[in-house]
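After this come two complexes, each holding subunit A, first together with subunit B and then together with subunit C.
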Partner chain A sequence: MMWLFKDPVLAAACTGTWLPFLAMLVILIFTRRNQRLSAGISIASIVTSLICAIYLFTKLFHAGVPVQYEVAWAMTPDLYVPFGYLLDPHSLLMLLIVATIACLVQIYSVGYMAGDPGFSRYYAFQSLFAWAMLTMVIAPGMLQLYIFWELVGLASYLLIGYYYEKYSASQAGKKAFVVTRLGDIGFFLGLIFLMLGYGDLGILNINQAAAGHQIPGPLVTISALLIFCGVIGKSAQFPLLTWLPDAMEGPTPVSALLHSATMVAAGVYMMSRIFPFFAASPDAMAVALAIGTVTMLLASTMAMATYDLKQVWAYSTVSQLGFMVMGLGAGGYFAGVFHLTTHAGFKALLFLCSGMFIHEFHTNDMRVIGQSGGRNLKVPMISMTIGALALSGLFPFSGFFSKEAIMGVLAQHTNKVWLFAGLLGALMTAYYSFRLIFFVALPRKLATVPAEDHGHGHGADHGDEHHGNAYWAMAWPVMFLASVTCVLGFFQAPLEQFLTGGHAAAAAHGAGQEGAGHGMGHYVLLAGAIGCALAGLAWAWVEFGRKRAPQEGFLKKFPLAEILFARRWYLDDFYRKALDTLVYGGLTSLFTRNDRRVIDGAIDGICKLTVGTGRMTSFMQSGMLQYNLLVMVAGIGLVLLFFFI
Partner chain B sequence: MASMELASFPILSTILLSTIVALLVIMLIPEDRPKLVKQVSLGFAALGVVLSLLVYVSYDVDKGGLQFVERFLWVQSIGIYWFTAVDGINAPMLILTAVVLFTGVLTMWELETRVKEFFALMYLLVAGVYGVFMSMDLFWIFVWYDVSLFPMYPLIAIWGGTRKEYGAMKLTLYLLAGSALILPGILYVWAVGGGHTFDLFELQRMGLPAHVQRIAFIMLYLGFGILAGVWPFHTWSPVGHVAAPTAVSMIHAGVLMKLGAYGILRVGMTLCPEGLGYWADLMALLATIGIVYGAFVGLAQTDLKYVIGYSSVSHMGIVGLGLATMTVDGINGAVFQMFSHGVMTALFFSAVGYIYDRTHTKMIPELGGLSNTMPVASAFFIIAAFCGVGVPCMSSFWAELLVFISAVKTYPVRGVLAVISLVVSALFMLRVVQKTFYGPRNERWEHIPDVPLALATPRIILVGILVFFGLFPRLILDVIQSAVVPFVSSL
Partner chain C sequence: MNSLSTYLILAAMLFCLGLLGVLQRRNLIGMLIAIELMLGGASINFMAFNRFLAPEPAVGQIITLFVMGIAAAEAAIGLSIILALFRQMRSINVERAQRLSG
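Entry: the complex of A and B
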């Protein structure tokens, strides 16, 4: 154990990642019955992780070169799987983001989950998630990254299906796991091909080798595309985006943690992690750009047609992830990562605010919340507006800076279609965000308030009495995130320096494109992007905000479009149908019938044949003299035949 | 030093002998002392765990090869040797057998009908299993193999459940058909080798002619393959699992099926490397079909034990695929998978056993919402399901990783198909978990208590092993490959 004291960096990395794992074990094995203690252990461990992350960040801020530790986790003559830590600017930043959000969410959950019968289980799963995610972030090799990526998926499955009594929740958990698994198959195959073709899966090595054209081009393209399948699954890109909106069945803090800031961001993180590798294949980058764009636009349309508070933010998450993938696909390493950073902050903020409303009003319907006086909850109302402004990309909130960065990259692209798609996306984002804000903050007398309760998050098993402490346990993290959202944008320059400075290969790629974004064109672009966002805001104001607003979207005039958007472009129906006909109705029933009829049928047939033959021969032993004589004569005949011929 | 002293002590024979002593002691205990029978069984099972762990820990990985060798001539005229030894392949199998027996005895702690006969037959079964795993003489391998098959019939037919007579009969007939292929295969090899030795390694060194190897290998492969659940000879296994009582299912799926795969590796592949080369393509094909097929059929099952049975077919297909690659990683993975799958299915059946004992049903549609009333009992099944899905940091993940990598390398199309079927296996495991354990509180099971600590112990041990080797794969992988690396280079 002496090495721990000799190298404080390694000690911090170990402590920061393994402590949550220990917390999970302790909670599951020993303290399950004591809810307070369980929560305390979990929070203590994540706070320690956060301290370690901050320590590592500050300590290695000026280090320049990546710090790497590894030991052999599994080793055979043909395969080497290291376990270790790679501390470079990108992983340090992500470590800090994940630890911060996880810490805030766990503190917030003390209030939100208070009184829940599965409180300890909840914190055990949160710790499992923290362990998996933190270790994934600082993995030095792709296989370790994949392993913890899968564990993140497991934790996500457990947390989405947390209210397992509810069919919709267990269904959503299963869906999330299976759909992301579908993408992970591609990821896994991509890694296998890369390993068989190149032989090494160290992140630094493959980045360097791909940038230096030491890996054959076709191999890079094929494995990059396969690995991108993992991003499609995890970051809910088209066509696998349908699991994420359903994942809102989990408790709201889980939505904030997993399905906005960390788990779904893992896909984008992984892509940016091996960005030089992706960048070495223009085809893979083009596919990523196209997929990101389609995802962003589709999800934005879906968000315009729902009245569920969490659904809107879920769709906007999908849409923003698509936007990040666009940024990366267009070659903007820093732009994508920076948007990932700011988005983690403001999206967690939006979800946590929504959670406070849902906790208060026991409904997810934005109209009902508005009617019931949602705006009287000052902290979440103001914070959610800040979050929505950031999401729309308005100055001076963090989203503005990162969106501008991506727009700048898109503008550099030779094909301007992507830029216009981006601007259209910005318009729609502002529209649906403020549609929600106006519904909650400026309710109008409506004839169309739904009578039934759309309660999703959690039902009547929550008491209403815990206002004091619970409210503030939730309010503090929200206010903290709101202030981060206000100031984070101004740290763009030092972050860019920090990230691209250490990442030599990325700098070579990024600088050429991002640096050129200044000058006259830059201001036109700036005006265009802000204009789009303001137009969206104004549009929402006309339809939902102003005094005589009809509070009915323009979509009402296009019922077909509204149905299409609300049914998620029939993607779910398509998968359902495919699953029913191909899997359940097709191969499964075919194979099952084969098992019963053909294989077992043949075996049972052989048995019947044996029994039947036995029965036939048993007739010979009937004691009837003439049969016996007949057999005897036939036998003698056969023997004679044998001897004479 | 310890290993030096141990080397002179016949520890392997002691393990084998202890099961036979246990059998005799149990038979001597009066009928009306069932408690004592269980205590004696548990004591001997614990002894087995200690001894096999001792062998495992003191096995010298750096030296490799056969260790703890006991070899002396038994019948000179036809060359039968008492030859037991341990290498990296069977050392984990001995632990597996010991652990599954130990946890199986604990799982059956509540048995009330004909306790004495049950445990006596279990020990007879396990003696056969130990015998096959440690013998290096073809004659003894065959004898112990049949010793392990015989007790299955009474164990299922007397203590079994659903369609027990049919299941027991089907299983016995299938396995005897397997024996009927193995015995001529072994005798053929023995006769071609001159008819004066049954020593596995002597025969290997002789190097049989290629055409002999081809014929012998297919006989040995199919003979042992039936027990390993190779498609399309797998249908006895789900039926047998369903019919068998809990501990028998545990030993049957956890250890006995491994006996088949072990036989292919130890006898077939060692003696007939050229035959293996000739038939490997077919092996890989059957294994891949088994992997995909088992997952799909599992999707349609409504009986918990059938689901596990078909998942076994799928997972044993992974073992077969690994063996068929003839690469270091493939065989490493196959042996690792034999171990992990053994522990995993033991956990599965053990978990279902508790549920079935209390609810008297294992039909998925009748269950549901069990997590509400018995969270710990449910957790065991759910953890086993995660392991079956191939979640990392559980031991079967590593096995599957190794097998899939070498399968994609050797048989690209089949390897990719096998990887894709992981989605289906995830779907069918999670579907079962959802339908059985999630959902609203079910009043029918309201009164059922959660697992008491005593009954949870065996399941905790099994979970612990899965996670332990999942986190520290080298502790087993290094041992396995100390035998596999020289083995592959001799192919």
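Entry: the complex of A and C
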């Protein structure tokens, strides 16, 4: 083992990724009965991972060249499948994000999950999740990425279905797993295509080869499209987006983790990971751009119609993921990754804040929370407002910078439709975010809500002062994330230089010159994006915020549209129908019939044949001496006949 | 009249009658007697061939003597088996002996 510690970078990478796995094993095997110890082990391991990630990030910040440790798992002249660690700027950044968010969520969960009977199990799954995601992030080869990608899916299945005694939760877990698997089939087929056609699954290798046009174009297009199916499933893009809102059945910290840094981010991360490969195929990029746009707009409309706190953020996640895919699809590598980074921060923040409200008021309905005095919880209220401002893309919060970057990329696209779609999305995002904020912060007291005074008093009682450790375990991560959201945007320039590397600095310089040329256009764009966001905010203010506001969205005037949005554009019903007719009615019934008739029939037939022949031959074994003799004589007679005639 | 085929036909008839008896009779002693008939048929065959065809006249007679000796031994063993069976089952019907099949 000494060789391991000779190289501190390798040692840090190994420790950082494998420690959560060890923690999971220890918790599951030894310490399940002791809840505090289990949580301690899990948090200690993820903190160590975080320290390792910070160490790697700072150490390799100026390295320039990717550090790679890999073992060839399968190597023939035609095939190269590496396993190991790849530490390049992108994976280092993602490693840091994942470790940070996972760490914060685990600390937060101490408060949120306190007293839950499955506390140890929860932490074991959290560790599994962290291990899978961290190892996926630093995978040097697509196969390793795929394996851990599936493990991430498994972990999210376990966590979404954490309250397994609740029927809807176990259903939601199953749905998440099955729907993402649907996309993963495409992903895996894409990998097989690539393996057969090119024979190398090293990420850096395929990126270089695709950028250098060493892989034939059709092969790139086909495998990129197939691999994009995996992104569609994992990052909940249209048409597989319905699993994500259902995934809200899990505990809120799980949603925070799932929505910001791990599960859904995995899809976008993978796409940006092999971005040069995607970029080599304009067709695949166009498909990604279109699907991202459709997803973003659809999910935004859905978010306008729901009253469930977590659902709103879930739809906004889908929509923001669509926005990232748009950015990547339009060729903005840095823009997409940067938005992934900032989104991880503010979406985790939003979910953790919602979790505090839900923990306090035991309801997900934003109207009830508002009327029970949600605004008396100062920390989550202020933090959630910051998160919503970032989500809407308003200065100076992190979302502003990354959204701006994506808008800039979209504006450079020749077809301006995408830009207008993006601006429309920004408008709707601001609208639904602040619809929620106003519902919670500026409630209209309605007589229809029972026990209002009690709820209010309850909220006031549990104001900021009288909270125990549980409250502060939740509040600290929230405040930390809020401050990160406030400042992260200003690190855009160093991050860009770090991610795109030294050689791209020249390109950035060129882009800068170009940008100078279109300086006027840039400011128009800036004004347009902020204008859209502000318009959305104002719209929400008119309908929900101001005094004597109706607190009824404009959607109430279009009942048909509201039903359409609330039913998620009938996507679920469509799947239900398709499942019932195609799978249950068609395939499964055929399989059942095949099973009953052919397979069962064949086996039953064999059994009956055996029994029947046994019954028949048992006549011969009657023990009747003279029958035996008769048969013998007849046999001899036949033999004689055969020989002599 | 005094030809080989006459004796062979007689021997065949005796043998077939004996076979019929073995197959058809349910009485064990009857079966034993029928076996003696078959042995007799075989013996006649040997004697006839000996008389008409053999260059060395003694061989067939020796074999016949052996057959008679074996028949005697067989009768002794068979009768003792039948006796044992009778003691066990109070019957010498061969169908009762089916129980021996296990």
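Convention: the second predicted complex is superposed on the first by the 549 of 645 C-alpha atoms of A that agree within 3 Å, B and C clash if a C-alpha of one lies under 4 Å from a C-alpha of the other, contacts with A are read in each partner's own complex, and residues count from 1 in each chain.
Operating definition for what follows: a residue touches a chain if its C-beta (ideal position, glycine included) is under 8 Å from a C-beta of that chain, and two chains touch if they have at least 3 such contacts.
Source: prediction; values computed, not measured.
More residues of subunit A lie in touch with B than with the remaining chain of the pair subunit B and subunit C. When the two complexes are overlaid on their common chain A, residue A:630 makes contact with subunit C while staying clear of subunit B. Judged by the touch definition given at the top, the superposed model places A:192 against subunit B, while subunit C stays out of reach. In the superposed pair of complexes, A:621 makes contact with subunit C only, with no contact to subunit B. In the overlay built on the shared chain, the residue A:613 is in contact with neither subunit B nor subunit C.
Looking at the shared chain after the overlay, A:182 reaches subunit B, while subunit C stays out of its contact range.
If you check the complex, the residues on subunit B that touch subunit A are 170, 173, 232, 235, 293, 296-297, 299-300, 327-329, 332, 369, 371-372, 386, 391-393, 397-398, 402, 404-406, 408-409, 416, 419-420, 422-424, 426-427, 430-431, 434, 437-441, 473-474, 477-478, 481, 485. Interface residues of subunit C, counted against subunit A in their complex, comprise 19, 22-24, 26, 94-95, 97-102.
Across the complex, subunit A meets subunit B through its residues 72-79, 146-148, 150-151, 154, 157, 161, 164-167, 170-171, 173-174, 177-178, 181-182, 185, 188-189, 192-193, 195-196, 583-584, 587-589, 591-592, 595, 599-600, 603, 607. Across the complex, subunit C is touched by residues 621-626, 629-630, 633 of subunit A.
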